[in-house]
Amino acid sequence: SSARALDKVSFATNWRAQAEHGGFYQAIADGTYARYGLDVTIVQGGPQSNARLLLAAGRVDFAMGANFIQTFEVVRQKIPVVVVASMFQIDPVIFMSHPGQGLDRFEDLPQATAFVANDLFVSVYQWLKQAYGFREEKVKPYGFNPAPFIADAKSVQEGFLTSEPYQVERQGGFKPNVFLLADYGYDSYSTTIETRAETIAGNPDLVQRFVDASILGWRNYLYGDNNAANAAIKRDNPEMTDGLLAYSVARLKERGIVDSGDAQRFGVGVMTDARIKSFFDKMVKAGVVPADLPYRNGYTLRFIGKNAGMEAASK
Amino acid sequence: MRPLVSLRGVSKRFGSGAPVLNAVDLDVFEGETLTLLGPSGCGKSTALRLLAGLAQPNSGVISWADPAKQRRLGFVFQEPTLLPWRDVFSNVYLPLQLKGVARREAAPLVEEALDLVGLPSFGRALPRELSGGMKMRCAIARAFVTHPALLLMDEPFAALDEVTRFKLNDDLLALKSRLGTTIVFVTHSVAESVFISTRILALASRGGRIVDEIDIDPALRRDYEFRHGPAFSDLSRRASQALLRAMGEDE
Amino acid sequence: MRPLVSLRGVSKRFGSGAPVLNAVDLDVFEGETLTLLGPSGCGKSTALRLLAGLAQPNSGVISWADPAKQRRLGFVFQEPTLLPWRDVFSNVYLPLQLKGVARREAAPLVEEALDLVGLPSFGRALPRELSGGMKMRCAIARAFVTHPALLLMDEPFAALDEVTRFKLNDDLLALKSRLGTTIVFVTHSVAESVFISTRILALASRGGRIVDEIDIDPALRRDYEFRHGPAFSDLSRRASQALLRAMGEDE
Amino acid sequence: MLARVLAAAFPPLLAFAVVLGLWEAAVRAWEIPVYQLPAPSVIAQKLIEDRALLFSSLLATLSITVQAFLLATICGALLALAMSQSRWLARIIAPYAIILQVTPIVAIAPLLLIYLSPHHAVLVCAFLVAFFPILSNTALGLASVDHALLDLFDLYGASAWRRLIYLRAPAALPQFLAGLRIAGGLALIGAVVAELAAGAGGQGSGLAFRIVEAGFRLDIPRMFAALALLSVSGVAIYGALSLLSFFALRRWHDSVRERGG
Amino acid sequence: MLARVLAAAFPPLLAFAVVLGLWEAAVRAWEIPVYQLPAPSVIAQKLIEDRALLFSSLLATLSITVQAFLLATICGALLALAMSQSRWLARIIAPYAIILQVTPIVAIAPLLLIYLSPHHAVLVCAFLVAFFPILSNTALGLASVDHALLDLFDLYGASAWRRLIYLRAPAALPQFLAGLRIAGGLALIGAVVAELAAGAGGQGSGLAFRIVEAGFRLDIPRMFAALALLSVSGVAIYGALSLLSFFALRRWHDSVRERGG
């Protein structure tokens, strides 16, 4: 395969480079993509970027999705974009609270002021309202700066398991209570790989190679030598620190974000109809999406569940 | 002499007020020096602006015998109207610049005009550095510099001392005889009007009706003798009386 | 008569140029009408501005006998200097308003001043709706309205026809004798300077040196007879000669 | 009057119709997908469908806009007045005004939220966006007074206060109003950006939230519908402020009055 | 000259030192936590520590700022010139200028990224923020020409072009420059906001991401260090543009020249 020219492929992430993108950087850094005949360029996201639009418009070939709510929206807007794999079995979205303030149990959280960003507010928070009685009027905006949360002991804040608790611990001087929403019934996939329907139809082999190589990348990132990948991340995002990268990787492993549950049986990246249906039903109940949505159009299982990457497991 | 430009039944009002000029008939003949005399606010400046095409009459017609001459106007406004960001030289150069004459080519003409008004050493001064009279002289130089076919002058010498004024009167007459310029002149000085013009019109204080017309022989030599002779006194008295009549009074 | 204000060794230059006024000594006596005569650009306006405290001399002193009077100035600038957003009435009212006089209280004074300059029906007009002479009359009314102790007038009547000008000369003299106003007057009309003043100073065209001083008996009646009498002609001739001398020329 | 306004409005409206027509045609001809650029007809339909939601959001945004605008007008004008009183004061104040202008509100909004309610944080942010042009233009206007007129006021020993209200303020009016015209649009966009940075979502939230929500849902037509409302509001604000200028200045200022004759 | 500049700079610097002193004292007295408001000394220290990173980010932001500013100046001035040529044209163009002003760039940035590279998208966004004040002020300046001077140009049958360059343009210079002074700061903040909105894909090397990331990491001293750099840049830009104004106008315009005598 080395004689063949590499296929140029671009992949849009949804945030600045961080450990949550580690597998993709790994696959570039350790030559996995190249071995699969791919020359991958990562297009970093940012607070306002919309990777899915770039994908739909053909500016990139693959994009990273944050959760399945957005996938349902894509179906609703009839945008020809399809999820082909999910790198995270568990969506690392969390809520944090101050310890010892009467906010130590998940059931206590709805009574507190909640710092929530807009994108979470219109999605996950709607489900939290319906499932746990969270209230809209308690919401204050989260501008990706935890200072207001730290300043207000009676508040809770959204975050990523792999990131915010670290900042709060270091700067706020206390260890916050962390509630992983997945533990409370929020069962969306996360860090998905999406591509255009036409790419799937026209070049399924490319898609398959990208999925397989990314899965390998994730394996290697978590359990192999990830120094080169981390260096690449820091190059793309100079603010990234070794401390945070180490913390994030530890949390990813500790909670089996990438490789727990179905992934242990079918391989990293796997998705199942049953779980997507379960999540869809929850979202319908929460009023986030309509019940008659043909949500199955938004994903395909044909590229995953082939145990890719399991051979590299070194647990 | 044939009329260069004539007003027929021209009326002009501002807003809804009484007309400033009411059905005025007026001919300006080729080569003459016509002075408009009249009380303050009677419409002299307005008449000049109509002649220059800077204002449009509400009714009546303004017709030019030779439309080409309509383009060769000079106008000394009642106020200096200088560009504050240009020095004196460049202000005087402006009309030539607007006609596309290069600065180098225009320089002798501009210098000549500045000499004429006694500002040869002030070419680099800005308007704000000039005295009132100097500003006005700059504006006069600007009007002269194009050698216009018809020169409209609205109280050009009012801000000047008598010596300078007399000199400029002489210079104006010399220029006129050299170039054949037609001049329409507004002045408040009866003596100046007599000295300079071949015809004086006195305008009534309301409506701009022509109250009196005084013809002065163009062949007269306008010099020291004329200014101090009996004909001058006589004409001056007639012009003064015309002015008084124009104001609705009589001695 | 004692000097109301005096200049001693006053020099004034602009930028790095030659001084406009060079070590000038000048007294203004209480109650007199002093006319400054001089060629255009000789420094008359500058002298008035120094007297009014609107410009500071580079050297020399300006001293007031009674500093209270220094506050009671009137000034007719060479240009009308009206507030364009105010109508004529409000422009004339301005000095009173600045002294805190209520509009209602000021109205008769303003009306009187407008009457004086022949603009009684133009109180509501804006400056841009006035002719050149009318603007100047508005400025004159504004200077009169405060009944100043010292009135500085910079060619106030230059833009006016002779009839109006004569009338305003008379009105000025009447006002003066009623209120005892001291007047410093700049004019380019030799006749006007003779008619109106008790003293004429001719300023040299460079440096503002006083070339000549002509005293005129204050007791003279300034009327039609005076204007047409031999004393007037004689004084006028003297003043004209002074002006010529001031320009560095002689007949 | 009405006829004149209509006559004045006709050409821009015609041009606008042409632009919309071209847009519609282009979208159809090149079959641009709706999530890249929706056709005007699609946007209009969305505007009608979602009118209740969008208009209540518009009202919320406009309410912030108006408050921020008034605050900016008052503070900008007062600060400019203070600065016109002394050159020293101006030099001391100016840097802080500039700092406020160039501080990104996304950065300070979270800190503001520590001390202020979201509503007030939004207001402060929107105010910050709008106030500098008013300050700057008014200061220029106050400084540009004709020196001859200043002499006149000196002559009569006018107090600083009277000089201000009778001379500097009216003379500065044209530039002040020009500052308002710039600030009107900025207050609107400031309200939007401020809501993004500091506003709480949910019911009663403004157009910014609707735009972000629509973006998140990839409901691009609704996003454009919200943008259309913003645009119309912006043009309306500008139009209203232009009318205000016109009526305030038409008697005397060369920028608006008809040329004589 | 130098002495005068120093004398002019002294009082604001003194005032600034006082402000910093008070700030430092307040932070210490009330023991304000560093993540809410760091003391100036802490910020200064951070500035020194992180100087390499921060200054390279500053350069990136300033490069966008300068490009956006130049673009805004050219487009704003040209559009204003076009609008000054005809009242109809002005009425037709104005609404689009306003629409560009009030369109939140955070909303359109994702769409711009479809058609433009991130670098160009950032540039366009920053440009959009800066250009309206230039347009608006220049248009006012061009419209405010003394009617007497217009008459003069009419008299000599000046072509539209000559009228523009010899009359309207110089007469509009003071307001144009005032527009530039407003736009300078806006270009800077526009560059920051634009980077946030559109700076994906390795373009996020400017101060905006330093600020957002530092906020996210609660490295508030670094955030303030970045903000301080922004503030200093803003003041410097304003100062430079003020100097430009001064030298361009001091010979004739009342706003800057010394009063006579």
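Details
A, B, C, D and E label the chains in the order they appear, each numbered from 1.
Here is the rule we go by: a residue touches a chain if its C-beta (ideal position, glycine included) is under 8 Å from a C-beta of that chain, and two chains touch if they have at least 3 such contacts.
Which chain is which protein? Per UniProt: B, C = ATP-binding cassette domain-containing protein; D, E = ABC transporter permease subunit.
Given the structure is predicted, the values throughout are model-derived calculations rather than measurements.
The chains in contact with chain A as well as with chain E are D. Of all chain pairs, the one linked by the most C-beta contacts is D-E. Chain A and chain D, compared by their mean Cα positions, are separated by 39 Å.
For this pair, chain B with chain E, the centres built from the Cα atoms lie 50 Å apart.
For the pair chain D and chain E, the distance between C-alpha centroids works out to 17 Å. For chain C, the set of residues that touch two or more other chains comprises 14, 49, 54, 79. In chain E, the residues touching two or more other chains are 36, 106, 110-111, 114, 196, 212, 215, 220, 253, 260.
Each of residues 50, 53, 57, 143-145, 147, 151 in chain A touches at least two other chains.
The residues of chain A lying in touch with chain E in their complex are 12, 16, 43-50, 53-54, 57, 59, 143-147, 150-151, 167-168, 170-172, 236-239, 241, 244. Partner chain B is touched in their complex by these residues of chain E: 148-149, 151-159, 162, 166-167, 170-171, 173, 251-253, 257, 260. Interface residues of chain C, counted against chain B in their complex, comprise 14, 37-41, 44-45, 78-79, 118, 129-134, 137, 154-155, 158-165, 188-190, 240, 243-244, 247, 249.
Put simply, chain D touches chain A in their complex at residues 33-36, 106, 109-111, 113-114, 118, 196-203, 209, 212-213, 215-220. Residue ranges on chain A touching chain D, taken from their complex, read 50, 52-53, 56-57, 70, 73-74, 76-77, 79, 116, 118-119, 121-123, 136-137, 139-141, 143-145, 147-148, 151-152.
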